[in-house]
């Protein structure tokens, strides 16, 4: 999933990565590609993970993990970091989710009565980044589809997701419609259909991804 | 060190600014950039029924999380409590009131407080009951916004890399985060600094928080917790 | 100089962003910190009917004042026009519309535009007809405020001391003034810089304007006017 | 006037000075006094005027005149400079005025039909500085009192002035009442009364200033 998401990143972009699988995306980028990775706490220009033992406790991403910076990086306060997001300067955000609806609604911040983490920066990012990509497993631990007609969990933002990459397939959301565009090997359209709790269109040409 | 503005002081003097039921704002993001000595002093003070305002509730053993674990807070205004399960448990048990604000909007509300503004108008989280439920709305140029009130506090505590006797502050990398905002929003602002340097030692260009916003400085012994990644 | 982000360019390329009737925001305070080359290019472009947004109208021969003297502006949003008597004359003659905003509120309105906020609530100049006459009011916590709308522009022009190929900017002393705010509020932001340095040459701590807010950089030949005090 | 105003400044204060006579105040301060002079463009910690020939065009006060900085000075953007004012961190502002009313109203930003400079930072300063001191000639060039029952020019801010220092006398404004507290030699109370277009109280003890 991280490898597929990395394909969406092009030269010169400013990209925000959520915690978890999205944080693995840089491992799949060509090293010569100039990308400015953004963190909500106040870094623009995050580089690779420092070697064990050479971490700097005052240089961490928004998830609290040690990072490094690339040439051209800058630090700022968190207000300015979010100003970049709200004013539409972040080209792409890649984040995890609990559920996504077929019209692109995102629910990734709360499980009422169970888990109350808080929205953090997810609302600003999902509402304001130019392109919102969700990386998530196709089904939850009970085997239930995380792609739904309508999210059952409280929404983070409505109609904001542009692309969903699961372990089975890739979908684009265009004009509030879910379109299957790619399949991860060895899955078939039939298998994806069976595991998906909402209808979707199929692109005229479906790419088979065999990494 | 010369102390011509009488701002350089010690924890003993700071203790008198802590009291039961106070509103306290803290710098830091996931504990990074939170002032360890001032947080420990708050713990040792025994003060309780606190309203804490800051980005998040840290971890149970890191940053402001220690104060929450000790049951000293009655209310938290934050964007995130997920890294501190004790905060979530206290909230579920009805022992801790939590007001959630989207992260960047929380930062702007704190800045607005420090800048002497009344509120900001935002379009973030308008359709979300938890964000917008108690907020007023205002329509400007045919677009609807939430009115997000400015936040201030009786005392703000921040962590900086260097400070001079006037209270000018310089931060370290991503430990800057909410600190410059929080530093401006306290009626009394106390900075814990890794190094106090003589007046004139900081380049006027590099100063992030002008000393006019800082009332007291105390020297730091550094972080006294173990990070989650360690 | 390597130009991997294609942001380093020349005046010729910039010209295409200037057009009749445009909204243009400029950095500077009394001409200090206003971009001389970009202002001259605007003059040479012949573009007219401009709406200019900035702290003040400079002096007749200094900063944005040259554009106003040439009669190219139809409207100015500023806090002060006193140092440029030609602006006052044009206003009195009905040839220039001037919207006055208190200086710090103007700065905050520009910042709000750059930060993606809709407006700020302010209690400055509430009883003053010129400030508050056309503004909406909003009562929060029993206190009345003016709703001061955010300001943005099609093009922002700023002046900086150093810039790198990503557009990261560092300013010089009090020539910083409104530049960091203006740099954030333009749909297209063009920075005139005294020195372009290689990527990685600026310390991430010293960068005032992160390059993400800057679309183009042009090298500067420096100020081409005589200051009032000279 | 500037010398008298300087007496109001005490150790450690943050002070904003308007253009004109107020800018002369620092000349009358003991050199060892630690005062942070503030400028709206974004300087805290202004020092003396540089020598002719050693001016820096990028280091000027809000009036556009070259300045220097003291140890402990900092630069900031104009938004932050005004944040200091609005949040009440500026201890004192000393500014010029066209008119002041007996209740402390300030009118110093516009002469309708004649002079339209704009308010600049005067509204924020007069509304929000902890103490507002006006330095102005007692009468205008036509000999008319600049202290009035009610300002005839449009107000900058109402009920904001704490002290007025003219070339004839010093007044304090307490509970919206004008109180004469000092006289500059050689003026008498009678002369001041004659030149003042509003009533005023007299302090129980009036200091005679003989510089």
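By letter and in written order, the chains are A, B, C and D; residue numbering begins at 1 in each of them.
To be clear about the criterion, a residue touches a chain if its C-beta (ideal position, glycine included) is under 8 Å from a C-beta of that chain, and two chains touch if they have at least 3 such contacts.
All of these numbers come straight from a predicted model, not from anything done at the bench.
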*Pick the pair with more C-beta contacts: B-D or A-B?*
A-B
*asked:* Based only on mean CA positions, could you tell me how far subunit B sits from subunit D in angstrom?
replied: 36
_Using mean CA coordinates as chain centres, what's the gap between subunit A and subunit B in Å?_
29
_Report the inter-centroid distance (CA atoms only) between subunit B and subunit C in whole Å._
32
*Calculate how many whole Å lie between the centre of subunit A and the centre of subunit D, each centre taken as the average of the chain's C-alpha atoms.*
56
_Could you pull out the residues of subunit A that touch at least 2 other chains?_
75-76, 79, 82-83, 85-86, 128
*Contacts with 2+ other chains: residues of subunit B*: 108, 115, 117, 123, 173, 204-205
*Provide the full list of chain pairs in touch.*
A-B, A-C, B-C, B-D, C-D
*asked:* Which stretch or stretches of subunit D touch subunit B in the complex?
replied: 11-12, 14, 34, 36, 38, 44-45, 69, 71-76, 79-80, 82-90, 128
_For the subunit B and subunit D complex, residues of the former touching the latter_ = 4-6, 114-117, 164-166, 168, 184, 199-200, 202, 204-205, 207, 210-213
*In the complex formed with subunit B, which residues of subunit C make contact?*
108, 112, 115, 117-123, 136, 138, 140-141, 143, 145, 147, 149, 170-171, 173, 204-206
*subunit D-facing residues of subunit C, complex*: 29-33, 55-56, 78-83, 88, 91-92, 98, 100, 102-105, 107-108, 110-111, 123-125, 127-131, 161, 171-181, 208, 223, 227-229
*What does subunit A use to touch subunit B in their complex?*
39-43, 55-66, 75-79, 81-83, 85-86, 110, 113, 115-121, 123-124, 127-128, 154-158
